[in-house]
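Scrolling down, you'll hit the structures one after another.
Two complexes follow with chain A in common, the first pairing it with chain B and the second with chain C.
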Partner chain A sequence: MNTKVPSKWVLWLSALAILALPSAAAAQESHIGKLTGHASSGKELYRRFCIGCHGPRGDGQGENAPYVTPQPRNFVAATFKCRSTVTGTLPTDEDLFNAVTRGFNTTNMPSWEPLTPQQRADLVAYIKTFSERWKNEKPGTPIEVPAETAVTVESINHGKELFQKLECWKCHGPEGRGDGPSASTLTDSNDQPIRPYNFSVGTRFKCGTTNQDLYKIFITGVDGTPMPSFADVIKPNEAWDLVHYLRTLQVTRKGPESEFMKAKGGSTKAADKSGK
Partner chain B sequence: MKVNQILMSGIAVLAAATMAVAAPGGGTVSGKVTYEGTPAKQKPIDMSKEPSCAKAHATPITTEAVVTGEGNTLENVVVYISAGAPDGATAPAQAVTITQRGCQYVPHLVALQVNQELKVVNEDQTSHNIHPLAKANREWNKSQPPGSPAFTEKFDKEEFIPVKCNIHPWMHSTFAVMKTSHYSVTAGNGGFTLPNLPPGKYTITAWHESYGTQTQDVTITGSETKTISFVFKAKPY
Partner chain C sequence: MLFRASKETGNMRAVHSSFRSSAFLVAAILLGSMLLQPEADAIPAFARKYGLPCSACHEAWPKLNNFGQTFKDNGYQLGNDRDAPIWQQPTYWPIALRMTPNWHREGADHMAVYDPATDSIINQGITTHGFDLSGMDMLTAGTLAKNISFLLVPSADNEGAFHFESASVRFSNLLKTSWLNAKVGKFELDNMVSEKRIMTLSNNGGLFQLYHFLPAGDYQASGDPNFVGFGLGDNQLGVEVSGHSKNDYTRYSVAVLSSNDGNVNLPTSRGYDTYLTFSQAFNAGSMGLQRVGAYAYVGQAPTIFLTDGVNVIPGAGTGNEKFYRTGFFGMWYLKKLDFTTMFMHGSESAYLYSGTPAGQTLPLGAQAPKWNGGWVETHYTVNPQLIILQRYEVIRMSQQGNSANASNYGDMDSLTFGYRYYPFMTSRAGFAFHNEYSRVRQRGTSPIPGLDLTTSSVFLGFDFIF
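And then the complex of A and B:
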């Protein structure tokens, strides 16, 4: 033996290393407003509520995963759909907190609002322990969402022009019915088939319900899916025009945009005429 | 006799070329990548859903998963030093460009170094989205409508990243992000050259998107040129 370290010391050191592991996990925290989440508390909650789908290693390979479409999120890959941050960056703690709270509409991920905010914050802290990325990278800077502009005929019509020019219709369809020419060929990053959002059904978006959420969805993109980021190609105010137009495609949804359209004659075509 | 002369002059040109690259010091590994067997027949691409791109091609183009040349040579193979070269080569200041032209990636495959800039250009009259399906690097996905300016990105880990455009499902590329500065992508003649290698033992890896990887060990002692060849087994399906 070349080593000069006595074997007693080696034992001590390995004991220390084992002790250090849980404390390193405990150091993982989340910060949502005034709340501080702790991974150590989140772990128990995760094992009770999340492990069935997301799996003990957080890789989305839980017991139920083979029966779940779309597949449960893989926290090891750390690619997240709903972010306020630019494409390719980690989401903020608040983004994750909101996702857990909201659930993912049209998927098997329910809303976890029944848990207390503290519990959800603890879960967020624990979710972040699955990927090294949280140690090596900081979350991206949240995009700036300027104050919403007024809903006008001009705004809606300009939004329609953008919908054409940016070729949103290639996937989402000319009337937003999710039936564009590329729609049937789309796959997510796990090579699973995925459908573009059908606006005419008017269901909640996966990443929220408000106009601000809609704004963030197309500016930051939905990472892990075919939906790209439009951050570099849409100006902030133009983005609001697109939001207003997209809302008119949700024909079954009651909202200020559809009310406005009704007042103007009911359809975008009528709006076109009145705009001329 | 004429044939001999041509041959001789050909050899002279070749020798001059190799000497020119070997001159800055160190040895060179060069050679050729070929295949044996029958490669899968590449399918014609139906671009009728994208008329502006269909117009750009007089004859319909095919997929590029396997591109071959005369004499069974294999194109788009990344040959690089996977072990033996000192790590931490600084990225060249010049960006590497990939262009979307006629709903194809030109070139089909891009090799670049860790932290080297990649410039993405859209010359088409249609929107593309550039979606590198990265695992080790960050996965991002950006829209690039017609007429929008080029953008640049970097990758900070070595990885062969499959790239697709979700709008045009036939569009596939690879970003080969290299840790080393010693790499070469084969052209139509299947040839590669890795110059300026200091004496040492190296592992040379050849990577092809359909046929996987092969490795060979090479030892460089001085300023010699070692010739090696890679032969991939092609399957017809």
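And then the complex of A and C:
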């Protein structure tokens, strides 16, 4: 029996296949600077390095998940803490690359910097295959981080006011020790208990080490945790004020803010007086 | 009498019968290698602590990848603020045990065997085989506090006799920089091509011949307890200062070591050796990480021993004579295929070679032996659960310790190949089916004068660690 397919159907199917290719390919690749990561290479790397915690299906249910706190990231849900994009959107490939490179302090996720950049890019490409979101959505647009304002008494004092006004102290505590009245009740999107950051210890933040990283945390929020985005609440200059104040809570850290405070006698109050 | 030469003056190695010297070599290969089961630093205690599979740190255990090497170089710390013991459950015990039940076949040709029928020594090959055990390693390692780590490896031979293979404390990130770390105790030399993580296990192939090579006829291999010899693969006692870049691409170390080849109680010497190494890695894109490096060990050993009139007084040796090993290496990755290339040049004093007290007249023909050697080891990592490997090793004498020897006397060729299959990958335990063949030929060292000695091993084992 002759089952010849009509030529116009062949054309339509071919056209559909061609149209589908870019999105499928995009989900299988990552692009970080000049690097192109490939999911096919990342699959074996994932099996070698990541599967124990994140699991074979990327759902964060690896064999070690029951023993890991906080729980490993669920790549199927595709909710990521550290992004340069607005809350609720997918992170950029570079965000994921940076997270893999940096690791997450006070969690079981180490820094994978000893892997080559190509290997990390391949891993990012493979991580993106676990969720349909990467096929249906584009990553969010990275927020703009304006130039940092000067560290001044006014900036620090204003940051302190914002810390009160925005009720940061409820979770992070009045002195930023992570012991606010709500601290013990906080849970993440998996209903697992989560501790707010303790500024007094001075360890690096989950999403980076620089003032720019801290700025991004306010504006993008930390998705999957109670830390919201303040993008609609504060202006860029105010965010920098908050950064400057929070740095002064990191009492063990040496930086321009702490040096400034030291020079002004140790407190903004003292600084006010000396300033006058 | 205050001084006693370990051997009568002029007792030249050349006058030892070739039969006797060869017997030492056969004993060294067959007995020594049975005892020298590698202390392999594949430590599931770390995997349990961090929840990482073995393959995170090991290309295929026990061979480290760059992530594992970085972890080791950071003092067994991942740097995510979960390293100190305070973060571990109180029941966590940082210990792992490794052993390898096996079946092996050992063969040696041109052996001297007594034939009762003719009442004479005849040239005969000898083969033996059967089920056996390896030695056992207890690997305990981890952090005592932030930036203070330890490694303690009580090790037993396959008859249960224990010794301390490693026992060291390490202080990491001194002055808050990864470029300054210090380690004290007994430890593996900072060698990127580590015999402690060797991928081969058989009697012939379970060691790098080059790392333990002493020229044929060397008095230091005679069994005289005053001459402890030297092996680059032997753990040494001393202090090491090391440093590395954050991603471990650049590494250096300098060690000052007691000149006793890692033996405790200062048995012979009160001198010190020095070991230096440097390596640099290069990122070659999708090919992987390539590394090149160089090393040098400059040592000394006594040739004169104080006595109480009858017995040698330990640790009071004098008349130190020098030896050295120096070379360079490369670790080359072509995706799943990788090659390790090694070159070494070695030399030692004619006094050490001939067992002659320093300052006395050397036996006729005695001279400083020199040799060159190297190997190429190839791995094909099919996936983290299967690795195929081979190694070809050559050692060539460039100057004999006795000018009367044939120029190729003691030259060595060694071929080893096999595979390791890991049926499962977890962060709790390691298990590998290991199958290997190895063959070693050394020129002119058969117990039958003038003939080469060839030994071979077939090894099938279940290598487990938990």
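Going forward, the second predicted complex is superposed on the first by the 243 of 276 C-alpha atoms of A that agree within 3 Å, B and C clash if a C-alpha of one lies under 4 Å from a C-alpha of the other, contacts with A are read in each partner's own complex, and residues count from 1 in each chain.
The definition used in the following text is that a residue touches a chain if its C-beta (ideal position, glycine included) is under 8 Å from a C-beta of that chain, and two chains touch if they have at least 3 such contacts.
In this text the structure is predicted, and so the values were computed from the model without any measurement.
Of the two partner chains, neither chain B nor chain C is touched by A:152.
In the superposition on chain A, contact of A:49 is made with chain C only, not with chain B. Look at A:61: by the touch rule set out above, it reaches neither chain B nor chain C.
In the superposition on chain A, contact of A:41 is made with chain C only, not with chain B. In the superposition on chain A, A:111 contacts chain C only, with no contact to chain B. When the two complexes are overlaid on their common chain A, residue A:229 makes contact with chain B while staying clear of chain C. Shared-chain residue A:200: touches no atom of chain B or chain C. Those residues of chain A lying in contact with chain C across their complex are 41, 44, 47-49, 51-53, 62-64, 67-68, 103-118, 203. For chain B in complex with chain A, the touching residues are 49, 126-127, 129-131, 133, 135, 138-145, 148, 151, 166-169. Partner chain A is touched in their complex by these residues of chain C: 50-53, 55-56, 66-67, 69-70, 78-82, 246-248, 283, 285-286, 288-289, 383-384, 425-427. Of all residues in chain A, only 77, 79, 87-89, 165-167, 170-171, 181-182, 185-187, 189, 221, 223-233 touch chain B in the complex they form.
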